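Have a look at these structures, which come just after this line.
Here come two complexes built around chain A, the first alongside chain B, the second alongside chain C.
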Partner chain A sequence: MILDIITSGLINGSVYALLAIGFSLIFGAARIVNLAHTAFYMVASYCIYYATHKLGVHPFLAMLVAILLVTLIGLICYKLFIDPIREHEAAVLIATIAVAMAMQEIMLLIFTGDFLSVPSLAKGYLNILGVKIAYQQLLTFGAALLILAGVWAVLMKTRLGLAVRSTAQDREVANLMGMNESRVAMVTMGISVGLAAFAGAVVVPLSVVNPHMWMHPLIMMMAVVVLGGLGSLKGSFVGAYILGLAESLVVFLIPMGAFLKGSVALSIMILVLLIRPEGLFGVAFEEER
Partner chain B sequence: MGMFGFYVRKLYTVFKAEVLVLPSRVVVFLFFLVLLLLPVVTQDPYLLRILILASIFAILAASWDLLSGFTGQLNFGHALFFGVGAYSSALLNLHVHIPPWGSIPSGALAAVLAGLIIGIPCLRLKGTYLALTTLAFPIILMGVVFAIPNITGGELGVSGLDRLSGSRLTDYYVTVVLMLGLCTIMWKITDSNTGIIFHAIREDEVAVRTAGINTTRYKLLAFSLSGFFAGISGGLYAHFMRIAGPSTLEVSMSFTVVIWAIFGGIVTIYGPVGAVFILFPLLEFFRFWPEFRMLMFALVILLILLYMPNGLLPWVRDKIEKECPRCKIRNVATRKTCRVCTASLD
Partner chain C sequence: MKRSRFVVSILLVACLVMAIGMPAYAAKAIKIGVIGPMKFVQGKGHWNGATMAAEEINARGGLWVGKKKMKIELVKLDSNEFLSMTDATNAMELAVTRHKVDFLVGGFRTEAVLAMQDIAMDYKTIFIGCGAAHPELCTRVAKDYKRYKYFFRGTPFNSMYLVKVCFIHLATVGGIMKKVLGIPKIKVAIVGEKAVWVEPMVAVTKKYLPKLGMELVGTWRPSAVATDATAELSAVQRSGAHIVFTIFSSSVGITFARQAGELKVPAAMVGINVEAQKDGFYEATEGMGNYVMTMNTYARGVEANELTLRFVNSYIKRFGEVPTYTADTYSAIIYGLAPTIEEAGTLNADKIVAILENREYAVPSGIVGYMKDDQGRHLHDLKWGPGYLTSLGVQWQDGKLVAVWPNRWKASKEAPEITYKGIVPYKIAPWVIEKYKK
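Right after this comes the complex of A and B.
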């Protein structure tokens, strides 16, 4: 029981961490609240489903192709719909909602609303203290941690990462220092969508694929981002595991818990915000004028 | 008879001087006229139903604008007010047997209470934090609704409510007159001193506080006012559909409100109302191609935003009217000189 809670909590937490870090990155570097973020995650899942079931490609290859393809779709959407209106924050907001809705409808048209599933990469399971832990779960967890470490390395150790972080701190000054602000935004959008696609790829063997699968992760991702502090990667990471574990605790321990899992996680977020309005690791921003 | 003729002539002069001078005022006048006189021409129940629902949602979208457009307190959880209004008037009607004219205002008061409850913690948050936090409240409430199905009906909702009134036609007049009245009140609020303070809070809260204005009180006022109007629309919706279900609390409900308001143009009140009356019938029209309905809706929004990022109605208004550079009074775009101060308009 306890082990069940921990495994499902850790896996949910890793997926939320992947999503939240991508969301946080693009918010930091370009001040875009990308509500279509988890829609890309859904599209990636469908790409993998299509490649494995209809084209008969090996799942691993399918994942790679899906991540690349979705990143490309993300960049096209950004160039077409978001970049021209970036100065109008409110317009960007509903443009991203509209993109998400359009993607949901396209997937609904192509694949119908059926619940689909994708074969797992690794069969079999590990038996720890009488609890079955599938290899796929371990793989998902490991891959998520690996990619998070990779993102951290890119952000902290490379010149590109420096550009992203400095743009996040102050766009105008970063521009004056010779960083091409719009190109940084574009690259960040690519990384961000890539992370969403990767999250979709690692989680797809463990969950069902359907066109509405982006709603719940979207809400949880936003809760994670707010809980951890906007723009703080460490905060997103810690917040994701807190909410992931809280969610699985509720599901396993409380009767009717499946209905309440979102409520409890979000209540935790609000409680934390009441004590620390800037989130766990957020810096209290000076008011932007 | 002489007195009557005098008033008619005076009314005509005022009408000519105040309404006919600006095309936007003519449009608003025609909007009132068409909505009020439409049943004389046709009483098609389907058309009336669309317009009733559009009126209900117009109140909702305008109330979002009152809170988020004017004070800049971006609220992503507006469905909370709508849902609380719908559920409370439904429960009051079903269990306490209060007729609609009593249960809808009570539902609105419950929504005001909800506005205060979420307003107080949200006072400490700003901008995106606030937006993402408010998104959480309707979802929390929805979880509660699902968890206690014997009171709230769970997934099925509370059904079997009293009708709004006897017939479709009276329903139509009740909602339309309420919509026109409430939206005028909201517009008047935003035009008053309170509205100016709301607007100032959006522009620069610190400066407003420096001017000796208690911004906390005004923000709470905005939350409760918005909650009141949204609660009324929720109650109307519950009584018109005769069911209050969890769909009133869904995330997509909150998002739709934001879409309407921003599409029509925020900080205007008339923008969201106009947007609902354009988008809602458009969505019904797309019902001819049911599979493509939402897709086309999304594409229309994306395309319009690309060209009019400030919203549709302000864009149209700027095309047909010009602001005098000297006295800031609006003029018809065809005029060469200002109608008040005769300054050149170009």
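Right after this comes the complex of A and C.
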């Protein structure tokens, strides 16, 4: 059973990590709390559904198109709804939740509330010591690790990463040093939304496409980033796996209370915050800034 | 200037006359509020069924109400009850206060229908529930008849009977597995979504399984909208269950079936999976929902009585899919309300209740009769069993939803054998056979 709990926790955690990394990135770099993050994940899922089922496009190609399209939509949303009010954090919160609700209603209008699905990139499963793991789940796990490595490489090894880190440390000084802070924020937003779309593309074959599919992941993603420390990528990664494992533990140890798995994960977050209000990696994050 | 003012005044007066005149025109029609989650399949079923009924009645000129012939006018009310209870109660308030509907049909989630029922009762409006299964909706009628007598259950029969039918399906599939695979004692895992209607079903199942000669190996209660059930599936596999007894009415039914199919979980899925009752289920699970069995009301080519095929075929022709049970708003209006209104000769709710509660009438899924409790009090709940409503057991076989029950079913030793026209044999999934065949 321990192996079941670990594998299931790692898979769940990977899904949350994929979402939380993008969310953390834009918050860390531009102090934007984008509550529409998981709504972009939902839109990407619909794009893939439409491309595969209505246009007959190969799922892999559909994924690529969806990521590009959603990134573009994200950038447009940023320019129209976030950039003009960036200085007012509360207004950004409200604007992004409004964007998310608008996207939900648009999808509801176009696709109705029917539960839809998209094909897996890899069908079948692998049996590891008696635990069956779908290839698509393994793909999600691998993608989470790959994305984290990719984001880390971009931040640490490229000029863009340097600009993002500088802006995150001090926006005004970065501006004085000749960096176009607004442009850096926009590029970061593009990467962040692209990551959300990628998460949607990888995760959605395991799940059900519907206009409300962004809500539960949003809550869990918020819990992950708060637990890990706002803006800390490392924190988001670790937090995601802690909550993923917590959910698995609930399902295996309290089967009658399986529906409580989200609540238990959130309780763990509250517990950690009571002991360490800045989150698990909050201090390191503050020092960086 | 004066001329334009005059024109505006004329227009305003015309609008006023039209506004006053409209209710007078509308009064000639019988207003039926169709309430349900309209952006979801369940609500679409409510609306489609009601539309067919209204069109058929209006095509023959309407209903005789005393000496007047009145047409049916439907009012579409989106309860959005999957997402918001407040939306559901608001829609109900809107129906009775603004639209002033004469009758109501629909409702889906028990949690919402209980609240909507109270509003309908406040305004003494007859409400035929076409979706929620909890017995409480009807025990309220017996306990406080004066207040709740305006409520009738239209579909499905209450969850105690639902579970009874599920037990028959369990016993049937268990028997087949024992015979074909040589399993001495069938182990069952209960997986039911966290919802009010599931509570009594889980409780009864736990008690009843040993009587069926089966062993309960665990109960899992995922969220009704869970997007991942792999942890539950791993746990179910570890438990060694031969049958998973599913109790789902929401999206978790798709997630669970799809992931179980993807992982080739070696257990038969039997029970209720509302999503699996729909034509779109196979596509929604990307074909992984094959061999899932669920209780259902209708299936292509299956005939419970002489009304079934006419309804099912017309529905398929009109809407391109097999009706789900919420489309029984059709029966509620055309076979329930319409003849009762004509018999009463009035739209007076009390007079209609007095007639309807004593009627027994054929509908496409069987015969509707209303129960009384053990003290002889009216429940306005549906009678179940041979000669009344029985429902079907349907299974996905190679991408097609076929009916597999009742197949030579005897309700008791003395009862006659029942097999509906169009029934085919149940099939065990190949990966289950591979796992257990000796």
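To be clear about the criterion, the second predicted complex is superposed on the first by the 276 of 289 C-alpha atoms of A that agree within 3 Å, B and C clash if a C-alpha of one lies under 4 Å from a C-alpha of the other, contacts with A are read in each partner's own complex, and residues count from 1 in each chain.
In this text, a residue touches a chain if its C-beta (ideal position, glycine included) is under 8 Å from a C-beta of that chain, and two chains touch if they have at least 3 such contacts.
Just so it is clear, the structure is predicted and the values come from calculations on it, not from any experiment.
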For A:Lys132 in the superposed arrangement: first (chain B), second (chain C), both or neither? second
After the superposition on A, what does A:Ser120 contact: first (chain B), second (chain C), both or neither?
second
By the touch definition at the top of the document, which applies to A:Met213: first (chain B), second (chain C), both, or neither? second
Contacts of A:Met1 with chain B and chain C, given as first, second, both or neither
second
After the superposition on A, what does A:Phe81 contact: first (chain B), second (chain C), both or neither? first
Should A:Leu64 be classified as contacting the first partner (chain B), the second (chain C), both, or neither?
-> neither
Applying the document's definition of touch, where does A:Phe259 land relative to chain B and chain C: first, second, both, or neither? both
**Study point:** First, second, both or neither for A:Ile11, with chain B first and chain C second
**Key:** second
For this session: Could you tell me if A:Val251 is touching chain B, chain C, both of them or neither one (first, second, both, neither)?
Result: second
Overlap of chain B and chain C contacts on chain A, residues 108, 256, 259, 261-262
Residue set of chain A touching chain C in the complex reads 1, 4, 7-8, 11-12, 15, 53, 108, 112-120, 123-125, 131-132, 134, 136-137, 205-208, 210, 212-213, 216-217, 247-248, 251-252, 255-259, 261-262
As the complex stands, chain A meets chain B at residues 27, 33, 35, 81, 84-85, 87-88, 90-91, 93-95, 97-99, 101-102, 104-106, 108-109, 215, 218-219, 222-223, 225-226, 230, 256, 259-264, 266-267, 269-270, 273-274, 277-279, 287-289
Within the complex, chain A is touched by chain B residues 121, 124-129, 131-133, 135-137, 139-144, 146-147, 204-206, 251-252, 255, 258-259, 262-263, 266, 291-292, 294-295, 297-299, 301-302, 305-306, 309-310
Touching chain A in the complex, chain C uses residues 37, 39-41, 44, 82-83, 193-194, 218-228, 230-232, 234-235, 237-238, 251, 254-255, 258-259, 262-265, 275, 280, 283-286
